[in-house]
Amino acid sequence: MKLSNASPPFLHTDVTVMSMLGDRIFALCALLVIPTVRYGPRPLVMAGLSVLICLVCELLTGLMRKEGVPVTEWSFAVTGLVITMLMPVNAPLWLPCAACLFAELAAKAPFGGFGRTPFNPAAAGVAFATLCWPKQMFSYVDPAEPQWLPVWGECSVHTAQSAAAYLKSGLKPDILPFDMLWGDMAGPLGTGAALVIGACALLLFVRRAAHAETTLCFLAAAAALAALFPRIACSPLTSVKYELLSGSLFFCSVFLMDPVSSLHTAAGRCIYGAAAGGLLMAFRHFGAYEQGAVFAVLIANALSPLISSAVGRARGWEGSVYG
Amino acid sequence: MPAFSQLILTALLAVTAENLLFAGGAGFSRALRAARKPSTAGLYALLVTLFSLVSALTGLALEPYLSLLGEEWILRPAVLTAAAGLEYLLAAGLLRVFAPSFLRDHGRILEQAAANTVVLAIPYVQQMFGFHALQALGYALGTGAAFWLAVLILSHAMKICTNPDAPRAFSGLPGVLVYVGILSMAFAGFTGGKVF
Amino acid sequence: MIPHGVRLEQQKRASLKNEIVSLPSPEDLPAPPKIKPLKKGAAAPRILSAAEEAGIADEFDGMMLERKLSLFASRKTELLVACGFDEDPYTSGAEAVLRESAEDVAEGLWLAAKACGAKERLVAASSRREARRFAACCTGTAAVAAGNRYPARTLLMQKLRRGGKKAEWIGVQACAALGAAVRGECRNETVVTVAGDGVRRWGNFRVRIGTPVGDVLAAGKPEKRVCLVAVGSSVTGRTVTDLSLPVTAATRCVIALKRPPRVPAHPCVGCGRCARACPAGVLPWLVYRELEGGSPEALRLFHVEDCVGCGACHTVCPSGIDLMAAVRRAAGLKEGRDLHETE
Amino acid sequence: MDDRRLYFREAGTIFWNGMLFRNPVLAGALGLYPVVAAGCGMRNATALSLLFLIIALPTQLLLCLAGMLLPRWARPAAVLLLSAVFYLPAARAVEWLFPGSLADLGMAAALMACNSIVYARASEYAPEHILLAAAADAAGCSVGFAGVICLVSALREYWLTGGLWGTGVSGIGEGLDAPFAGFLLLGFLAALMRQVNIQRERRYAEVE
């Protein structure tokens, strides 16, 4: 019997970084089911490719830093999957790959990798893709013609305007509410099925892999603004319905408000969520693109240290906010 | 909103472009510490507001003469820069006489505020020919507020970018540049890419 | 308000299934000293000297009972609590002792309370059921259930002190030993729990103090691939590599594990669990961030001097950061010591 | 070795530092604005570099000659005034060489009048050094600035149009003319420069 030394504690609670990331990956994979059934294996290929690119980047940056085998956690898979979810299913396959490259190499590696990223890497990657290739980012396959898309090649399909685009141009989207709940509409790959996203959110909250208050405040702020300032001529409730279910709002409120970029206190997280929700609605009103969620998340990320120190000062934790 | 985001973006540019946080070399850490003190950041923003206001009004007053001379697109920046120099000279001279201790303590901020103002003021004076006095005031206040916010965000960014896990080549200035890059990407979502 | 502390998987049922087994004492250990029986109506100094004579030590902190009681007396303690529960998972010695020698515990607590001048006595058991079981056989001593969140002892004492009473605690094994002294018995023993995935027979063993740890471990039928043996507590204890080391009063448990429980270290992900777990109101993440920044501001290291060293923060941290070490360092720093000196 | 050769060697070191190792843009984060906002075409980059040289050199030389005569607090004003004056011939020269480029550059050109590199070097470095050092510094900074802005511009122009100096037809994507791309590219270039400096330090440490 050869005994070794170790430092206490000799047990640990079940929630670890790996378990949190694992839950997230599971939830994101669940979101892939509906698009796969509808469009064939293309979404799976896209997701696999994105995750692979992220893994390769992770390995490369680790090797450049000479730290041996660098992959100790699976946040790269979360980044890859979230990026896939925000892409149109008919996007060229290089598009999510480019977004993943940007997310890993520009938004993650320079700041020291997982746990140190000031911005959500996936949000940064998607924002980059939006700015560089808006045409490819916002042309969605028409759900009226259900068909399996080619797995590898280019997709030459009928495109349709998404609900977010209708709202952006001040028109009422012509989509049944039931279709909106199941994601049977033109839009990014994984952001449509509100019911599945809701179930995933519940799973994450119950398993303590995400903070419910951030998401709830995000949705509350967005809903309040949607009711107060509707973009289309309709009753406040209808406006809330369309705003919350269109675009990537619901998805982003669950999967982009990750615990890393967020804050340590419940109050801080509430303010952070509300700020992100408010910014998102501002982007919808004044932004240049139909999908503004990722931009709103980036700005909220930049504000989060300010929120954190403001909450700290309010509680008397910091001698002074600035140090 | 787009106008405000433009202001913030401009202020971010000014903060990074001018040497507030990154005075370079020896002044680097000292300037950083100064920027992180709320009083200094506030004073800085106030001075920027005042200088912006004066610059905008000067530009407004000189506009008719410039258009008489012709080639105003060459003359205008030169005249504005010279005006900022004169303003600084005036302010510093007045302070020397009336409040020498203030100048001794905050002289560096005063001079940097003057230089930053040129960066902040020229775009607007250049663009908005039909500027009137009230707009100038609003613009100056907006600039000051945006500037203050940008200083706050950047002072935190600096701390984030010098964490022990960051690669050595990126820790500090290069990391902050990437940080500002991603942040301005977010603001580009408002404007669709263009600054002005 | 969110309760502090952390809910840990207790894993005590297996070791509590059987009664305490007495292990034969090694032959080379000297026989325990003979002491004069303590009379029922003995005065405080006599009780203290008897405790000293019998060499009774508290099993939770290893402090001599006589010193502990004198300290309580000088603090004008009003309420004395006997801790009949083990706050850390795996260990169940105190619970077993409370079950099997309830009368001795009640007697010892009465004597200890008299020695330190406390008017009120209280026995804290691990659950309501245990408390009822104790109250059924020993009327006259109140019993309560401690909470089920780690660190239960600290949280219970906080709760009692919040009422304005000066409350202190002693271990239930020390109580039982003092109670046995009435009969003139001085057994010099302690109850040690043997548990962990490296042993096949979990249980509580009554062993002579001074027995090698290896003998106790052998009683639990260890497997071949044990690589780590921890004593003291499953959360804050320490590892032993030399199994010939003797069992002390504060050994409490011998935990054999097949592989070291390692959570891979990651940077802080900002979940805030550590602050919720801490019973002392420390904000471990803030302390850690301050220390990591390189120039900690003493003003921002809140309550670090109140750290009880329970290790709850480290246990819950999903990133596996040793927050307790950070808080300890910060406490040293706040006292004016150098940052690196205290490491 | 006579004094003059020593001087020239020192001047060479100053020039190299300004150009590469302590590049004002990459190491000092000065003069970011033109690179970030306007550095998205080779033609623009060349025009801005020229503008910079014509403003920086005389301003720095004049400040070097007259700087010590002025009190410390008045120097910033002098720099602003002088660079405003030299902006006029510089703008004319650039307009003559590249017709229409000033209109293309718009504000970025206007902002060269109060460039923070010129500002920092002329108000702090030049007055306290000899003429040769100031000249070497101004030249080094000009070349360093030109190098960085040309590199960034070349990368962005290739991305946007697929060619250099207006020869491109179709690019890889759009969006890189926005300032964020400038910041990101500068960040990565600055990291590269930092890495080079780290390697250099390590080599020196090994030699010693």
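Lettered A, B, C and D in written order, each chain numbered from 1.
Convention: contacts are C-beta pairs under 8 Å (C-beta built on N, C-alpha and C of every residue); 3 or more make two chains touch, one makes a residue touch a chain.
Here the structure is a predicted model, which is why all the values come from computation and not from measurement.
Visitor: If I count C-beta pairs in contact for every pair of chains, which pair wins?
Guide: Summing C-beta contacts for every pairing gives the maximum at B-D.
Visitor: Could you tell me which chain lies farthest from subunit D when each chain's centre is the average position of its Cα atoms?
Guide: Comparing chain centres, C lies farthest from subunit D.
Visitor: Chain with the smallest distance from its CA centroid to the overall CA centroid?
Guide: Ranked by how close its C-alpha centre lies to the overall one, first comes A.
Visitor: Let me have the rounded angstrom distance from the C-alpha centre of subunit A over to the C-alpha centre of subunit B, please.
Guide: Distance between chain centres, rounded to whole Å: 34 Å.
Visitor: List the centre-to-centre spacing of subunit A and subunit C in whole Å, with centres computed as mean CA coordinates.
Guide: Using C-alpha averages as centres, the distance is 46 Å.
Visitor: Taking each chain's centre as the mean of its CA atoms, how far is subunit B from subunit D in angstrom?
Guide: Each chain's C-alpha centroid was found; their separation is 19 Å.
Visitor: Nearest whole angstrom, what separates the Cα centre of subunit A from the Cα centre of subunit D?
Guide: It comes to 40 Å between the two C-alpha centres.
Visitor: Where does subunit B touch two or more other chains at once, residue-wise?
Guide: Within subunit B, the residues that touch at least two other chains are 159, 163-165, 167, 170, 174-175, 178-179, 181-182, 185, 188, 193.
Visitor: Can you list the residues of subunit A that touch 2 or more other chains?
Guide: Residues 106, 110, 112, 115-116, 128, 131, 323 of subunit A each touch two or more of the other chains.
Visitor: Of all residues in subunit C, which are in touch with two or more distinct other chains?
Guide: Residues 267 of subunit C touch two or more partner chains.
Visitor: Name the graph shape formed by the protein chains and their touching pairs; answer line, ring, star, complete or other.
Guide: other
Visitor: Let me make sure I understand the interfaces: which chain pairs count as touching?
Guide: Final set of chain pairs in contact is A-B, A-C, A-D, B-C, B-D.
Visitor: So in the complex, the part of subunit A that touches subunit B is made up of which residues?
Guide: Result: residues 64-65, 106-107, 109-113, 115-116, 118-119, 124, 127-128, 130-131, 282-283, 285-289, 292, 294-296, 298-299, 302-303, 305-306, 309, 320-323 of subunit A touch subunit B.
Visitor: Please name which positions on subunit B make contact with subunit C in the complex.
Guide: The contact residues of subunit B facing subunit C are 159, 163-165.
Visitor: Given the complex with subunit B, which residues does subunit C contribute to the contact?
Guide: By the definition above, subunit C touches subunit B via 267, 292-293.
Visitor: Touching subunit B in the complex: which residues of subunit D?
Guide: Against subunit B, subunit D makes touches at 22, 24, 27-33, 36-37, 73-74, 76-81, 83-85, 87-88, 91-92, 95, 102-103, 106-107, 109-111, 113-114, 116, 119-120, 123, 174-175, 177-184, 186-188, 190-192, 194-195, 198.
Visitor: Give every residue of subunit C touching subunit A within the complex, in rising order.
Guide: It comes out as residues 6, 8-9, 89-90, 222, 224, 226-230, 233-241, 243, 255, 257, 260-264, 266-273, 275, 283, 285-286, 297, 299-300, 302, 311, 314-316, 318-320, 322.
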